[in-house]
Amino acid sequence: MDLRLDPLPPATSNPARQYGRPEHPGLRADLYRIIFESDTRAGRLFDLVLIALILVSVTVVVLDSVQALSVRHGEIFDVLEWSFTLIFTVEYLLRLYCVRRPLAYATSFFGIIDFLSVVPTYLAMLMPGAHLLLDVRILRLLRIFRILKLTSYVDEYRMLGRALVAARRKILIFLSVVFMVVLLLATVMYAVEGPANGFTSIPTALYWAITAVTTVGFGDIVPKTDLGRAISSVTMLLGWGILAVPTGIISSEIAAQRSLPSADRRCAACGSDGHAPDARYCKDCGARLEAAAEE
Amino acid sequence: MDLRLDPLPPATSNPARQYGRPEHPGLRADLYRIIFESDTRAGRLFDLVLIALILVSVTVVVLDSVQALSVRHGEIFDVLEWSFTLIFTVEYLLRLYCVRRPLAYATSFFGIIDFLSVVPTYLAMLMPGAHLLLDVRILRLLRIFRILKLTSYVDEYRMLGRALVAARRKILIFLSVVFMVVLLLATVMYAVEGPANGFTSIPTALYWAITAVTTVGFGDIVPKTDLGRAISSVTMLLGWGILAVPTGIISSEIAAQRSLPSADRRCAACGSDGHAPDARYCKDCGARLEAAAEE
Amino acid sequence: MDLRLDPLPPATSNPARQYGRPEHPGLRADLYRIIFESDTRAGRLFDLVLIALILVSVTVVVLDSVQALSVRHGEIFDVLEWSFTLIFTVEYLLRLYCVRRPLAYATSFFGIIDFLSVVPTYLAMLMPGAHLLLDVRILRLLRIFRILKLTSYVDEYRMLGRALVAARRKILIFLSVVFMVVLLLATVMYAVEGPANGFTSIPTALYWAITAVTTVGFGDIVPKTDLGRAISSVTMLLGWGILAVPTGIISSEIAAQRSLPSADRRCAACGSDGHAPDARYCKDCGARLEAAAEE
Amino acid sequence: MDLRLDPLPPATSNPARQYGRPEHPGLRADLYRIIFESDTRAGRLFDLVLIALILVSVTVVVLDSVQALSVRHGEIFDVLEWSFTLIFTVEYLLRLYCVRRPLAYATSFFGIIDFLSVVPTYLAMLMPGAHLLLDVRILRLLRIFRILKLTSYVDEYRMLGRALVAARRKILIFLSVVFMVVLLLATVMYAVEGPANGFTSIPTALYWAITAVTTVGFGDIVPKTDLGRAISSVTMLLGWGILAVPTGIISSEIAAQRSLPSADRRCAACGSDGHAPDARYCKDCGARLEAAAEE
């Protein structure tokens, strides 16, 4: 079934295929193993240090946005920021140096993220007014996903991904139906309450309807007429109730993913299946089972 | 079991049965295939163009409600709106022309929606004051459901529908119990807090109770007395906790729908289906079943 | 297992056992069949009329609380209210008359509800100040449950009840852990934010913590300090996340209830079980199965 | 699989192993049985009395924080508080006396909680200004968990614990992805709305984003620009939708825990367990299994 197509690259489709691991051993190949892979001691150490640097640098960006801290510790933040930028710049250049196809890397998703992680600091120095640009540095956070893909958590990560992908068509259908209902309700509320009560336009009413359906309920826009309150009661109950649908979809997907592995193991002697994932003997006739297929 | 009765028409119950496909080949039959069906190339193209037109025209309705945009781009919106209205009018007339029983179509659900999609624009021209009427055009959105029923997403759509229908009695019981509890709580809060604290009547208290039970919590009406806060704490915990019930109902329904692959295994002897996935003999007549079809 | 003990009376434990159906045929026995049972045509008609009367009378109570309506239609409401009170009084007296043990009925749960449904109207006439007393009439709503127990919806009703009862210990454990965590968080917030920011006492902080954990978020009390906001972020994530736990508990209970019936049917020929609820032949050897045990 | 490692001590790992039950019979051993164990009549009575004392003393702490009650009943609260403190002090000393390794007990988790339950009252007497310190007494609540571990509810408690532990890696992955997305959205909102609309810093925007994603929606900070409202609509839908993921994870974990009844079926030949419910042969050595125990 085409829905089961795996959207997450299997373990073998590592960066080596995408950007090209250098062909001959040497400094570039060694660097490549350290920077892009994590099956050596140095590679794992590099990953850990990088994660720590990313987290600290993101923390600095966050703290720097607080007026009080920025005024008091601004200079420390600047020094730290420049250190991180220099380290990440060196790392970026090394990545460009050690891959076989630098252009393929530079235009890949993570290549662009790596570039956006360092360039705002330089730009902000050149254009003193572009202060807002500095917030782009928060994208550094996304670099953690690259490392996550290499770690032992990859199984859980891919299992959740598979469940979401398998449920994608059901979720899409569900979301479009929800969106239509919400748009209809928003238009009704716009007509009923009107600009006088804060429902100044259909987009504003849509924003309100989404706060109601998702049960967020900020309360900055609220119905004031009795009819509007009655309609919004229906909207709230609807949103509260239909939350059960995506939950049900994903629950059953995850349960299905969980019970999948045994499906492809069949007893050669009596043909029964449904064996426990770790079974070595057939539960129905006691014959020895084949080893579980490598996933 | 009567609960399993399919509320969604099976694939064979297409519009042909409802409005009547023209009996003899010719222009009407050709138009019918394009407009009402989607198994030809022209039919699919027609559907795609229609969905695009509906989405764009709804977007214009939404944007036109924004004061700032309406003032600045009002004329473009008017031109676009009249174009859509004319196109949809032609489409409506063609639909009337090519079905065998025009009256049956005109009084069907989608016939009325089609009519309501075009008539407000003409009415608003005749009665300049009836501006609110224009919002009725948002009903055009519902026309997308007709096309959705013909597409390949129909399986997921019908599966979700079946799960909801199968769970309908449980959900109805659940909702009526919830409604009674909420009405009792609202009356208690009306008595405890009273008009002085914003609980001006039982309907208003009911609106508040629904914001609390559904965990929306707009905050326009809030308890002020200690007793009222205690009761509303109970209300909130109740609403938060019982959300688990519909989720559980629907999760188990969807899981049950999913484990009905047996629908395509049919006893050759007595024609019954609904066999357990691992059944080897027919549960109704005891005849040997075919092996389960490979999924 | 003692958790499976059925808290809802089985179908045979009808009111006949509790209040006593009159022993000899006659007027009392006929009345009893109509009023307390629903297996005759007159009995079902009585139930339908009673549900309609209850719903209309509750609607009158609700509408009467709206100032504007009460002023304009007060007299109609009064006439309607006295009609309902007289009808319900006659019904109450008939119930007392036709049961074998009137005292047992009068002191039963539904006997008290029936009494509370009529007495406030009389009391409010005697004591003009006791206006609040009239809200007690909303308890009439509970009388619908008695009729619900007799209808065909009783299966779904009891199935949901069984699932909740089976999950009761897990839910109790869960709720007490949640309550302790919430009380600890409330105390911390009371210490951090203090009376100056609206957290005037631990009970008030508890009310706030419940609005946060249940994701209601009225917004009448909000943290103002940075530390308070950090703690409340944790509180919100906690509440949002742990909602998954009761949902999981109840989902798996409902799924278990659903898959129960087949457990007690075992093929006499080959001993296999797990047959479909409506199976007549063994799915593993084709032998005829015993009829399903009456539940 | 290492994820199934039981984080909750099995029934045999009772306090006796941790703090040491006195070796020789006598007063200390008798006290130990009463205070630390609950398999004697006196032990159970002790537990019940202790739970009652803890609950009442916590209630006093809570009520004492209410200004109005504190002023009126302050003296009663003081007397009660000193009584509880003295009782808990005696209990703490008895615990120290009757265990074999008092230091191991005093530095254990519950030893520290026991100490923190009594010491604030003495400290507040010595340092009259340290009023806030009194709130530490709320930690007494945690002492209930110790008793809970000894009661018959321990099965449900441990079952929930096992499900959460088994799901821990999936939940961790999920939470870190959610946190990154929330931080990115918060930064975008900080850039879009800015300090003028209440988004004074990234941490403040993060607090807002968490209220939106968890659907709490206090409403103290709300988007005011159209772009901000559009982004926050996406944020709300995201939070509402992804709530389905942890629910699905935990639902399927609990269902999996439930379907492990096989734990009590053990192969007589090799001692392995975890067989499928309908297994007839051991999955590890192929020996014939006993029939499943009647539940």
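By written order: A, B, C and D. Residues from 1 in each chain.
Everything that follows uses one rule, which is that a residue touches a chain if its C-beta (ideal position, glycine included) is under 8 Å from a C-beta of that chain, and two chains touch if they have at least 3 such contacts.
Here the structure is a predicted model, which means the values were calculated and not measured.
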item: Remotest chain, chain B as reference, centres from CA atoms; value: D
item: Which of B-D and A-B has more C-beta contact pairs; value: A-B
item: Copies chain C and chain D touch via same or different residues, half shared test; value: different
item: Between chain B and chain C, centroid-to-centroid distance (C-alpha), Å; value: 29
item: Cα-centroid distance, chain A relative to chain B, in whole angstrom; value: 30
item: Whole-Å separation of chain centres (CA-atom averages), chain B against chain D; value: 42
item: Chain D residues counted as touching two or more neighbouring chains; value: 203, 206, 211, 215-219, 239, 243, 247, 249, 251-252, 255, 278
item: Contact footprint of chain C on chain D as seen in their complex; value: 58, 61-63, 65-67, 132, 135, 138-139, 141-142, 144-145, 148, 153, 156-157, 159-160, 163-164, 171, 175, 203-204, 206-207, 210-211, 213-220, 239, 243, 246-247, 249-255, 258, 278, 295
item: Complex interface listing, chain A residues touching chain B; value: 1, 169-170, 172-174, 176, 180, 183-184, 187-188, 190-191, 195, 200-203, 206, 211-212, 215-219, 222, 226, 229-230, 232-233, 236-237, 239-241, 243-245, 247-249, 251-252, 255-256, 274
item: Parts of chain D lying in touch with chain B, wherever the complex brings them together; value: 215-219, 247, 251
